[in-house]
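Could you have a look at this structure, given as C-alpha cells, before my questions?
Chain naming follows the written order as A, B, C, D, E, F, G and H, and within any one chain the residues start at number 1.
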Amino acid sequence: MSLLFQEGAVVLFQGDSITDCGRDRRSGDHLGWGYAMMAASWFSALYPERRVTFLNRGVSGDRTKDLVARWEEDCIALKPDWVSILIGINDTWRRYDSGDPTPLEEFERNYRRLLTEVKERLGAGLILCEPFLLPVPEDRKAWREDLDPKIQVVRSLAREFGAYYVPFDGIFAQAAARTSPEYWAPDGVHPSLAGHALMARAWLRTVGVPV
Amino acid sequence: MSLLFQEGAVVLFQGDSITDCGRDRRSGDHLGWGYAMMAASWFSALYPERRVTFLNRGVSGDRTKDLVARWEEDCIALKPDWVSILIGINDTWRRYDSGDPTPLEEFERNYRRLLTEVKERLGAGLILCEPFLLPVPEDRKAWREDLDPKIQVVRSLAREFGAYYVPFDGIFAQAAARTSPEYWAPDGVHPSLAGHALMARAWLRTVGVPV
Amino acid sequence: MSLLFQEGAVVLFQGDSITDCGRDRRSGDHLGWGYAMMAASWFSALYPERRVTFLNRGVSGDRTKDLVARWEEDCIALKPDWVSILIGINDTWRRYDSGDPTPLEEFERNYRRLLTEVKERLGAGLILCEPFLLPVPEDRKAWREDLDPKIQVVRSLAREFGAYYVPFDGIFAQAAARTSPEYWAPDGVHPSLAGHALMARAWLRTVGVPV
Amino acid sequence: MSLLFQEGAVVLFQGDSITDCGRDRRSGDHLGWGYAMMAASWFSALYPERRVTFLNRGVSGDRTKDLVARWEEDCIALKPDWVSILIGINDTWRRYDSGDPTPLEEFERNYRRLLTEVKERLGAGLILCEPFLLPVPEDRKAWREDLDPKIQVVRSLAREFGAYYVPFDGIFAQAAARTSPEYWAPDGVHPSLAGHALMARAWLRTVGVPV
Amino acid sequence: MSLLFQEGAVVLFQGDSITDCGRDRRSGDHLGWGYAMMAASWFSALYPERRVTFLNRGVSGDRTKDLVARWEEDCIALKPDWVSILIGINDTWRRYDSGDPTPLEEFERNYRRLLTEVKERLGAGLILCEPFLLPVPEDRKAWREDLDPKIQVVRSLAREFGAYYVPFDGIFAQAAARTSPEYWAPDGVHPSLAGHALMARAWLRTVGVPV
Amino acid sequence: MSLLFQEGAVVLFQGDSITDCGRDRRSGDHLGWGYAMMAASWFSALYPERRVTFLNRGVSGDRTKDLVARWEEDCIALKPDWVSILIGINDTWRRYDSGDPTPLEEFERNYRRLLTEVKERLGAGLILCEPFLLPVPEDRKAWREDLDPKIQVVRSLAREFGAYYVPFDGIFAQAAARTSPEYWAPDGVHPSLAGHALMARAWLRTVGVPV
Amino acid sequence: MSLLFQEGAVVLFQGDSITDCGRDRRSGDHLGWGYAMMAASWFSALYPERRVTFLNRGVSGDRTKDLVARWEEDCIALKPDWVSILIGINDTWRRYDSGDPTPLEEFERNYRRLLTEVKERLGAGLILCEPFLLPVPEDRKAWREDLDPKIQVVRSLAREFGAYYVPFDGIFAQAAARTSPEYWAPDGVHPSLAGHALMARAWLRTVGVPV
Amino acid sequence: MSLLFQEGAVVLFQGDSITDCGRDRRSGDHLGWGYAMMAASWFSALYPERRVTFLNRGVSGDRTKDLVARWEEDCIALKPDWVSILIGINDTWRRYDSGDPTPLEEFERNYRRLLTEVKERLGAGLILCEPFLLPVPEDRKAWREDLDPKIQVVRSLAREFGAYYVPFDGIFAQAAARTSPEYWAPDGVHPSLAGHALMARAWLRTVGVPV
C-alpha cells in the first residue's frame, strides 16, 4: 500500500480528549501528546520532503454535537485534504457522570453531518477511528450499553462514506487479553502512552507508513 | 511466534453454525466447511509430520447453554489439548426470532463454566473467538443491543483465563468498510467463503502459522 | 508469475464429487467444501478488490459424458473467463462398481468436446487437473488399468489446447510416500481435508497466487 | 530440509539407459552424461568437503530382472549408503519392440527383491524415481497400458519401504503442457539435456540441495 | 545489537525542558510529550512483556546544578537500572538571557557528580545525549561560544564512564542541511515534533530497538 | 546482470576435448557430457521459453590450427549469435607428447583469425574461456612453460575483442588449494565431473544465470 | 538513494592534510592514502563502467585562505562536477602552535567565496564535510574554542548552499565513546586508518553507495 | 563463512612494493596505502571490538630472498597469528631490468622456507596471494616467461601448506577484459587505487568479511 498523503497535504485530526491530549489551544498547530501527535511526528521525521501539515482540533470533553458546533471553524475553514475523526466516548460518558446522554439518532445525525460537509464542501479523504473502552475500573463495563451502538454507527458511516477504518476497540481487546487492560488504558478510556503508541502504529499503517 | 500445537496434539473447535458449517454429526472427525475446517486443513497440509488431530463439535443453532449441556461429552471426554470457542450469536439471535433471550449473567455463567472445566479438568490451552455481526440485512443492527454486551463478556473472560483472543468483529468491520458487508457475510451472521477464509487466516496467525 | 485472473473475471470449477463436495445445487454460487471452495475462498479473501466470481458446477458421480450433457447449461451459459476441469475418476469407477465403463475413445471424445466448446464459443482460459487415485483400499489398485490411460488423455489434451496443467496424481504419490495414503485420501478417491488443502495450494500456485 | 548425504557417503544410481547415459563400463566410477551425472557433479562442486562418492551402475536396456541378476555385484558389493533407482521403462519397451513383456507380478517381485536386499543387507537409504514417458512418437501412447501399472508398483514400494519419491512422470507432463514433449524427451523415453537437467534439479531438491 | 533493557528494568530520563516537555509534576510517571515519551511509548507498545518502567524527571529550565540539587530525590531514590541524560542547553541559555552563566568547570563538576553517583551508588547503565542547537533565530549562533565546550565535556564524560552516546547535534545539523532548521526546531532549542521523533528514533536505535 | 542470450539465440561452444567430451559427431546438436552440455542443459531447463539453441563443435585433440581449418564449416556456417571458445591445452600438450609444438605467434595468429571472422562475418558476441591446468601428474608442471604464454594470448585477445572472459585457471587453483587438484581434474587437464560443474557454474554466471 | 555521480563525472576532494594524506603533488591524479582515496578507490572498483574521475587537491597544512588562493587553479580550472570540501582544522591549529589565528569572519568569508565560485562558475554539486577533533592529547581540548564556531559556519553554509553534509565530528564522538579516541585518531586530528575507513564509509553512504 | 581473525589476533602482511605502498619504515605499525592498508582499515572500522592488530612488513623491491633474510625479524619476532604473503613480481622484474634473475628452484626454496618457519615456529594461519601482472606497457608481456612458473610454485605451496589462496592474476584478467588493463594497473605491476580496492575486497572475502 502506498502513502496516502501527497506532498503539501493538510491532515486534520478531530476528536475529544484522546485526540486533544493537552494541546495548546492558543497555537493552531499544536498537536497534544497523544496518538495524533505521535503519528504526525513519526510521519514528519520519516518524510520531511512531503511537507505534510498535521492539525489537531481535538477538544477534551467534546461530543459529536460539539464537533458539529465548531465544524465550520475547526474543520471546513482549515481546508484539510484528509480528515481523521475519533469521537464518541464522551457522548457515552456524559450519560453516566452527568445524566446527559446523546441519543443514538442524534449521535448518528451529528456524525453524518460532519462527514457530509467534509465530502460535499471539501472533497477530502476520510479516516474513521473506532471509539474504544477497556473495562477498568469496573464501572466502565456499564457504559458499553451506550457505547456499543455508537461504534456500530461509526462502522456504518465508514461504509457509507467509503472511509478508511481503524478498528481500535478490537485492537485494544486483543492486546489486553494476555497483558492487562490497565497497561493499555489505566482508566479504560484514556490510553496509556503504550496505548497511544499502539494507536499511532495502527493509524500509520492505515495510511500506508510501514511501521 | 512459534507453532502452538505440538506433535500429536488434539485441537477442538467448539461453537455454533459458523463453526459447525454443515459438519456430518455421524462422523466424529468431520469438520464442516467453514473457518474451522479451512484452518485445520491448511495446518494439516503444511505440517503432516505433526499429526495434529482437529475436532469440530460446533452445533448449528447452539447457544452457551447448549455447550454447557454437552460439554462433558463434546469437550471433556475428547481430552483436547487446545480448545477454540466461538459462541454467542445464537444467544442473541433467539431473542429476536423466538423471543427467547439469554440474559447476560446467564451467558457469562455458562461461558465461565465452560472455561473453568477446561482449565481445571483438562489443563488445556484456550483460544477465544470474538462473536461478530455485520449489518445486513438491516434488522441485524437491532441485535447489537444484545450482542455487544456478550462480546464484552468474552473479552473479559479471555483476560481472566489468559486465553489467546481473535478479535473477529473488528476484523470484519475493517474489511467491510471499503468493500461491503455482504461480500464478507451476506446475512450478517454467516460468513461468506471469503469471510471464512479471512477468519481462518486470522485464526492460523493466532496459533503461529505464517500465512 | 502474475495472477491469471483479472478484475471481474468469472472462474468456473467443473468436475465430479471431488469438485462438488456437497455443494448446494439450489444455489448457483455454492462451492461445496473441497479444493475448489478452499482455493476460491483463499483467493477472495486475499484479493477482494478483484471481485472475481468463482462458480462450482461439479456434480457428484459425474463422468465426462455427464459434463457433455450439461455443458451448454453448466459451462457455456455461465460465460466463464476461465474453466478449471477435474474429471475422469467416475468414468473409471463405474466400470468397477457398476460394470458401466467409459471406453477411452469416448472419454477423449467427450473431453475434447468440452474443451473445443470452451475455446471456440468462449475463448476462455483452461486449467486441466489430473485425475488421481491412491491405493486405499486395496481394490483401488485394480482401477489403474482404466484410470491411467485416461490421465494420458488429459495430458494430451492439455498440450493440444495449451492449458495450464496441475499434476495431482504425482503430487499425491509424493506426499503419500513418507506419510501414508490414508492421511491424504482415506478411500483413495476422495481427498481428506489435508488432501483438499494440498490440492488448493497446488491449484492456487498454478494460477499465480503465492501460497 | 537438510542435506541427506553425510561426509564420506556412497550414493549409488541404479537404472537403465536414462541412468546409464553412455557411462564407460570399464571405469567403476564413470557416471555417464545424464541426470545421475549432472546431479552428482553439481553436488560435488557445491560440497567438496563432504567427499561424497557417487556411483552409477545404470545399464542401458536393463529391466528389473537384469538389476536382480547383477544386484549382488552392482549394488550390495558396493556397500552404498544411499541407493537411487530409476527402472521400468524397458520392462515396458521390450514388450512392444520384442514381444518380450515383463508381467507386473514379476516386475514387482523383482523390484521388491532389490529393495529388500538394500534394507536387510545394507540398511541404506532409498530414493525411488518414477519411470516416465512422453507421447512422442505416437506409438508411445500404446505403451502406457504396460507402464502405468508399473508406476503404481513403484509408488507402492516407496510407501512400503519409506523411500523418498521423485514423481518424474508428472513433472514431465506439467513441463510439456505449455512447451512441447519433444523439447523434454524427443523420443518420449530418453530425456533431452533439458529433460535431464529438469530431472537433476528435482532429484537434488529431493535430497536437500537448494537449487 | 540486542535490546539493552531487560524485563522489569527501570529507565530514567533526566534533563531539562526538552526532556520535560510539559510533564505533570504531580504524577511520578508522567513522561511529557517529547522524545523521552515517544521513545518510551514506542518501546512499551512493542515489548509489553518486558514490563519496562520509564520515568521522566526532566525539569524545564534545569541546568546541571539543578540536577545535582535534586539528584538524590530524582535519580538515586528512584533506583533506575538505566539513566539517560540530556542536559546543558540552559547552562548556556541563562548566560545570554539572564547574565547567569555556568562556568565550564562547574558544568563538568556537576555533570561528573551525577555520573559518579549513578555508577557508585546504583551501578546503572548510562546513555548520554548530546546537547544541540540549531541557528534559529539568528541570536542562537552567539550561544555556540558557550554550548560547544559543554558538548565537549559531555563527550569526554561519555568516554570516561563508558556510556552509550547519542550525537544529537550532528544528527540535527545533517537533517537541517537540505530541509531547514526551523522544520526540526523552530526556536533552535526546542525540537519540533518532527525533531522529537528524529531524536526518539536515534535514541531507540542506540538502545537496540530496530526502528 | 541480465541474461545475455535473447529468445531464439544460437550459442556455439567451440574447443577441444574438454568441450567435446565425447559428443556424437553424427549428430549436429550433440553436446557431449562436459561443462558445455551441463551449462546448456541447465539453461534450457530454466528458460524453455527462450528456445535458445546450443551447439557444440569441440573436437577432441584440437588445437587452434584445427579450429581455423574447420571454422568456416564449424562456426561461420552455423550462424551463431554467441561463440564460446576454450582452446589451447592441446597446442601445449602435443609439444610434450609428440614433439609437435605450436609456436606462440602461430597460436595467436590462429586464435585472432577465429575471432576476427566471428566479429567481421557474424557480428556475434564472444565468451573466451581461459585454458587451465592442474599439476597432476607431476609432469604437467613442465607444460606450464608452454601453456602460460598462451593464456596470456587469450587474455590479450579478450581485451582486444571486448569479449566476456572466464578465468578458469585461477578458479581451479583456488578450489584446489584446500581440497586437492585430483578432486577437480585427475589428470590435470580433463576436469572431473565436479570440475566440469565448477566450470558450468562459472560460465553460467558469466552469461547472467543466477546459479 | 541513488548514486549521485553520473558516468564521466569529475569529483574533486579539497582540503588539508586529512584529505591530502601524503598525495604526490607531481601527479595530478594522486589521491593520497586517506578517506578521499579509500572512498574513491572503493567507488572505482565497484563502478568501473561509470568512469568517474576522482581528484584530490588537499594540501597538508592548508587553511581556508590557502584554498582561496589556489581555488582558480585547484578547483575551477579542473571543472569538477562535484566538489567535496573538508577544511578548517588548520585555521584552528595555527592559532595554537603559531599564534596565527583565522578570525571567524575571515573563515566564513573564505569558505563562502569557495562555494560561491563553485556554484556560480561551475554549477557543480557540493558535499561539505564537518571538521572534527578528538581530545587526544589533552591540549586538543583547548582548540575547541576556536574550532567549534568554525563547525557552525560550515553547517550554516551547507544550509545556505543546499549542500550534502557529512557530520564527521559527531560520528567520531559516538565511535570513540565506547572504544577510545586514540583508536580512531591518535593525535586527535589525523584519523587512524580505522578512522579514515569510518569516514570513507560515511562519505560513500552520503553519495549513495550502499556500504 | 565466519570471520577468520579472533579477538586480539595479530595479522601480518608481507610482500613487496604492492604490499609496502609507501609505508613509513620508522613506524612499526604503518600500513602503506595499498590493498593491505585498505583491507586492514575496513576491517578495523567494522570490527573495533575485535582489536585485531594489522602489521605490514612489505618492502618495496623485495624478492623472496629478501623475505628470507628478514624473516626472523620481520615475521617470526612479530609473533603473528596469521601471515598473508604476496611476493614474487620482483623476483621476475630484476631479471629484466637488472639481469639479476631468481631461478625457480631458488624461488621455491625461499618461499617454502618462509612457510615452513611460519608453520613450525608459529603455527600461524596462512593466506597466500597470487602474484599478478597486466600487459601494460607492452614489455610486461615478456615477463610472463619468468612470472608464470613462479605463480605455479605459489599455488603448489598453497596446496602443500593448506593455505587460503587469493587468485589475483585471474581476477585482474577478468576485470581488465571489458574495461582496460590500465584502469586496474597502469604499469601492469602496481595496481591503481581501483586495483588495490579490487584486491582488498577479494582479500577481505577470503578472510570472511562480507563486502
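A few points about this structure:
Following the convention adopted for this analysis, a residue touches a chain if its C-beta (ideal position, glycine included) is under 8 Å from a C-beta of that chain, and two chains touch if they have at least 3 such contacts.
Because the structure is predicted, anything quoted here is derived from the model rather than measured.
By residue number, more than half of the contact pairs of F-H reappear in one of the listed pairs B-C, D-F or A-B, namely A-B. Centroid to centroid, with C-alpha atoms defining each point, chain A and chain H lie 67 Å apart.
Averaging Cα coordinates per chain places chain C and chain F 49 Å apart.
Note on chain placement: the centre of chain A and the centre of chain E lie 31 Å apart, centres being C-alpha means. Across the assembly, chain A contributes no residue that touches 2 or more other chains. The ring of touching chains, read from chain B in the direction of chain C, comes out as B, C, D, F, H, G, E, A.
Within the complex formed with chain B, the chain C residues making contact are 21-22, 31-33, 37-38, 40-42, 44-45, 48-49, 175, 179, 183, 192-198, 201, 211.
By the touch criterion stated above, chain C contacts chain D in their complex at residues 128, 130, 135, 141, 144-145, 148-149, 151-152, 155-156, 158-159, 162-167, 169-171, 173-174, 176-178, 180-181.
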